[in-house]
Amino acid sequence: MPKVQLIGATGYGGLGILELLTAHPEFEITGLVARDIRSGRSVSDIYPHLQGRCELPIATIDEITVGDNADIVVFSTPDGVSQQYAKSLNDAGIRFIDYSGDFRFKSEADYGKYAGKHPSIRNDAHSVPELLPQAAYGVSELNMDSIGQADIVGNPGCFAIGIILGLAPLFDLDIVENNLALVDGLTGSSGAGKKPAPLQHFSHLNDNVVPYRVMNHQHTVEAELVLGGLNGTKPATVEFIPHLLGTTRGILNTMHVNLNRKLTRQNLLEIFDEFYSEHHFVRVLDTAPTLKDTLASNYCDISAFVSDDQSRAVIISSIDNLMKGQSGSALQNMNVMFGFDPALGLERGPLYP
Amino acid sequence: MPKVQLIGATGYGGLGILELLTAHPEFEITGLVARDIRSGRSVSDIYPHLQGRCELPIATIDEITVGDNADIVVFSTPDGVSQQYAKSLNDAGIRFIDYSGDFRFKSEADYGKYAGKHPSIRNDAHSVPELLPQAAYGVSELNMDSIGQADIVGNPGCFAIGIILGLAPLFDLDIVENNLALVDGLTGSSGAGKKPAPLQHFSHLNDNVVPYRVMNHQHTVEAELVLGGLNGTKPATVEFIPHLLGTTRGILNTMHVNLNRKLTRQNLLEIFDEFYSEHHFVRVLDTAPTLKDTLASNYCDISAFVSDDQSRAVIISSIDNLMKGQSGSALQNMNVMFGFDPALGLERGPLYP
Amino acid sequence: MPKVQLIGATGYGGLGILELLTAHPEFEITGLVARDIRSGRSVSDIYPHLQGRCELPIATIDEITVGDNADIVVFSTPDGVSQQYAKSLNDAGIRFIDYSGDFRFKSEADYGKYAGKHPSIRNDAHSVPELLPQAAYGVSELNMDSIGQADIVGNPGCFAIGIILGLAPLFDLDIVENNLALVDGLTGSSGAGKKPAPLQHFSHLNDNVVPYRVMNHQHTVEAELVLGGLNGTKPATVEFIPHLLGTTRGILNTMHVNLNRKLTRQNLLEIFDEFYSEHHFVRVLDTAPTLKDTLASNYCDISAFVSDDQSRAVIISSIDNLMKGQSGSALQNMNVMFGFDPALGLERGPLYP
Amino acid sequence: MPKVQLIGATGYGGLGILELLTAHPEFEITGLVARDIRSGRSVSDIYPHLQGRCELPIATIDEITVGDNADIVVFSTPDGVSQQYAKSLNDAGIRFIDYSGDFRFKSEADYGKYAGKHPSIRNDAHSVPELLPQAAYGVSELNMDSIGQADIVGNPGCFAIGIILGLAPLFDLDIVENNLALVDGLTGSSGAGKKPAPLQHFSHLNDNVVPYRVMNHQHTVEAELVLGGLNGTKPATVEFIPHLLGTTRGILNTMHVNLNRKLTRQNLLEIFDEFYSEHHFVRVLDTAPTLKDTLASNYCDISAFVSDDQSRAVIISSIDNLMKGQSGSALQNMNVMFGFDPALGLERGPLYP
């Protein structure tokens, strides 16, 4: 049974994969690591909802060796952390998956574009650029083979995966005019993590909608690279306006593209159906996806609509940002890396109502 | 002091104008009318929050004469109701304002386009088309003069007014390519009124986002006509995707246009500043508007952003759908009709936090 | 593998048990029945979140025979429904579990007390009173043996089970003065089901707290009978004030009792620990339970506090009203009835954040 | 026109009184002071919802003299701040009102009880105890005369005022057994202020109910003193369990007392009606108060219920914690202090829906 060491165990990302792994039949957790926690304290002390479910102790990063007693290390950590451990893990033949942008890019130049847009990365240079080419980008629906063989997987950004899954079939067919997509993204608060902050303060966010970082979010970089790479005709442009909502979980992206040939709605839905026919976690719907219909599950729900003159399309995708947008995708990738069914341990369905 | 008769007093629209009129120094309420209410019952019996504030009795429509003892009748009623009383009121020289689409259009043909898209209008024909040309469309910021002289005012749709105010300066200058705007609208639940329904059922809507009537909402018709009329070069197209949110009040529209000449963000903000310099209730912001910053007030907050290549603009507008989107605009129109300061009785500011 | 027929499959109760049974390794669903659904339609047509998870067709009650091809029938139906089928099922040796109050009482007299308080039961008489004595009351933590042998299980009321589990250890020890408990119950909206109604209308309930049926809720009857029965010294009185909250799921009961002997908080927690030592789904916490820490799970979290003079105790319990308060308990009971581990198929943990 | 200097202008309390004063016809704001704000910045820079409404600059405490150019100073500041300025203001004959507990108590001993329970007061000693006897406790409905003559007013705690108004008529008549009340208080998040914190983090609080400081909240001290003082027979005990809700505004207290004589519900409601007959802001309702029916207004809604045996009563009160629970009461007190109608500037009604 593969052994997993989890770095960053007490953030929402760590919590997400911890809960999934606790119930997974084929992985064994051998270490939990977190900052700012009194060493040895049980994770259920900090999160009472885990009482009776997971009582593992937490270590500080100083007390352990990253990679020790592990077949895979999961970094649910901010940008820049996994870079520090990447070389030694790689040299030791220990695989790892990282939740930040550290290993989402194939080249130093692409990473630099991302880092330059990121609000908290100060030094745009990657510290181990030589490892970037061997890292796989963790969208299983597009990169199953490379993920299966990779030692390093860069788990995708939560906004990015919803945009990519929603637009990939169209970019793949090269039917998007100018490779340009306009995206209004709606997100719950949990994507910002557990750290109290003014934007996520309840009195401010409740009953509110807050557009932020208008046309200036770093997740567009990976979406543009992946989508542009699907047809190779020209760089993709994703004009993205994120909106923070007064809800905890979920990302719903509403995406507008001009089509370079006329299509009916039926044509469009068939394109999606075919593209995702082998992919359990993408559901193509006749009706518009809603935020709640994917809540707590690993699904990405997608539907598509066409303007009366058949020249423009609107694609809507919905995910749970902490599942398909983070830990669900991470586990799906880990399943692929170790040859298990991609859906193993991800059977939990949406929570409705 | 002008006398007001209110038809439809117990819906959210009626409630909104009732609360405003109760505190208004220059209007007198002389009649409240509602369906399905036991005659003579006080409005505070039905709505306890009005206890000690407004104890007026409610009559049924059969017990009163529409227009009786009134200088103006406010119809906060569904489509089709005011049409039935329009001719007799007009003949009697009694002014009226209507919340539905009955008098938002200048011609039978335009009304027909709207009626054809409306989910609950069965007969597309207008019953008093001869009165349409004399009705004013109730966006005071654009039509102050015609509203001031009108006997009939068609109060705008809640989505429409946010779209129109957000795009009017650009259409007026004819700088929108193809007169085409793509709009993602986010709305609270109260726009659907007080009648319990599956979409507005708490367990369904809470924590949810529900796109609905994708590219098929009747409010686009009036927005397209008004915006297209501002430059007269070609019909406007508003591609509109409404999203229902788990919040009570507010509409935030995020709007995308291609510009037919390059503009900086500074240029754009100056265009808005100038266009609305005389208009108290439109606030042009440096930061993105939020839903909550207009909550409970009559403001429309607007900001604008430009893509890196200066070829595309994103405009965001925020209103309280029951105020600027309904009763606030209605009172503003009534103030204009009777020569009062447009802001009289609308001094209440946003409720934050 | 026991076969299950589910009556009332499209309400929130039916949906809850359907989702659990779909993932359960030891039960097979052989029939779904609902009112007001076009016959033959798939349940995932009505609830898109089930797409790819459960595509079973739904029959109307007229098309099927209740009990046909079933080892157990689950009635997730309003009061009065299962009474109609009880005798024929019982005669045929088919077990059933009912979500309403039909089989929660041991005598016609007790049922009458409940029925008299119920807002929608018009005829207080039970139609098959002779079956009441053989029905088990479905709180597994108290009645494991009788449930295991019962042909009929009356699933408990959602408020009742949280009150009963929170107070049982104290009533069992007969340390509650006058057998009197004062209970403020806070509930999410989903307990009222999927039918749109004014109290559950989003615009009304959002940001609201609505006390209702103050000291007049029918669930107190079963709580009083069960608690009073634990020490047999005198009838129990539960003075209950339900409060409807603007949240979808969860019931948190805050309960006040006078103690007839002095106890420290430590004493109290030990009493609870011991009482529930064998019961997986009751977690005794050092900290006050929160609504969210049981969300989506079958746990009942409990903690207890004592006044400075040690004469009064406050007990707080938290459950997910659709899980431990309804379908989770139902499945737990079904597991007990068929000799499975009580927790089988109920492994899903709380959804946090 | 009396001049007001506001200390602590950018917290929720400061914001609340600022908005009220901006619209008040008889007070003039002559100074805004706040910590941690770049000096000279306009308050509408920090709070965009004030744009076009209040553009006053903010000074730091070092730049101004407290009391300068002021007839009254409002301290919307944490415990301990106004104590530092009290003596010099008092000596200079400048009146002040304080939002903290600094001047809610008549004696050093009583203040010490409060300070000892307060989570952030380290030194229980009051620094100007000699001023305590001359301060009035700011519940206008009970202390109109003393407030009118006071130089110092201690504005009540948000929980305390709802408890006091709800129980005062019963304690005044000395009909509460043992002067003991059990209170479950439900509060929105805004009472905790604008500072981001784990309990008020959106992802934690949304859809949650969190009981906290069970039987250990400092507001009980003032409630016990005021209520006990009304009949003088024995000290009052308020056993209080606060619950934090996922809503922004509002406090609903559900209060249980044993009656020392039998009363019908009608008796009880008449007692309340009579007690508050002269008090505009207390509304006695036939139905249970709801949180939303007082939202954004200065009302305290109250109703009362009696157990079947007429031995116990349940009283429910609802306020907006930032209005009647804070700035609304402060302005009401200021009106009384300067001889204006208590309701001046407080005309705004509840925001429904």
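By letter and in written order, the chains are A, B, C and D; residue numbering begins at 1 in each of them.
Methods note: a contact is a pair of C-beta atoms (placed from the backbone, for glycine too) under 8 Å apart; a residue touches a chain by one contact, two chains touch by 3 or more.
Because the structure is predicted, anything quoted here is derived from the model rather than measured.
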| item | value |
| --- | --- |
| Given chain C and chain D, the chains that contact each of them | A, B |
| Chain whose Cα centroid lies at the greatest distance from that of chain C | B |
| Approximate Å spacing (C-alpha centroids) for the pair chain A, chain C | 37 |
| Centroid distance [mean C-alpha coordinates] between chain D and chain A, Å | 46 |
| Chain C residues counted as touching two or more neighbouring chains | 12, 188, 190, 194, 203-204, 206-207, 246-249, 290, 292, 353 |
| Residues of chain B defined as touching chain A within the complex | 182, 184, 186, 188, 203-204, 207-212, 214-215, 239, 241, 243, 245-250, 252, 254, 256, 288-292, 295, 305, 307-308, 312, 314, 316, 318, 353 |
| In the complex, chain D residues that touch chain B | 12, 15, 19, 22-23, 47-53, 190, 194, 206-207, 248-249, 280, 283, 285, 287, 290, 292-294, 296-297, 299, 301, 347-353 |
| Residue ranges of chain C in contact with chain B within the complex | 12, 188-190, 192, 194, 196-198, 200-207, 246-248 |
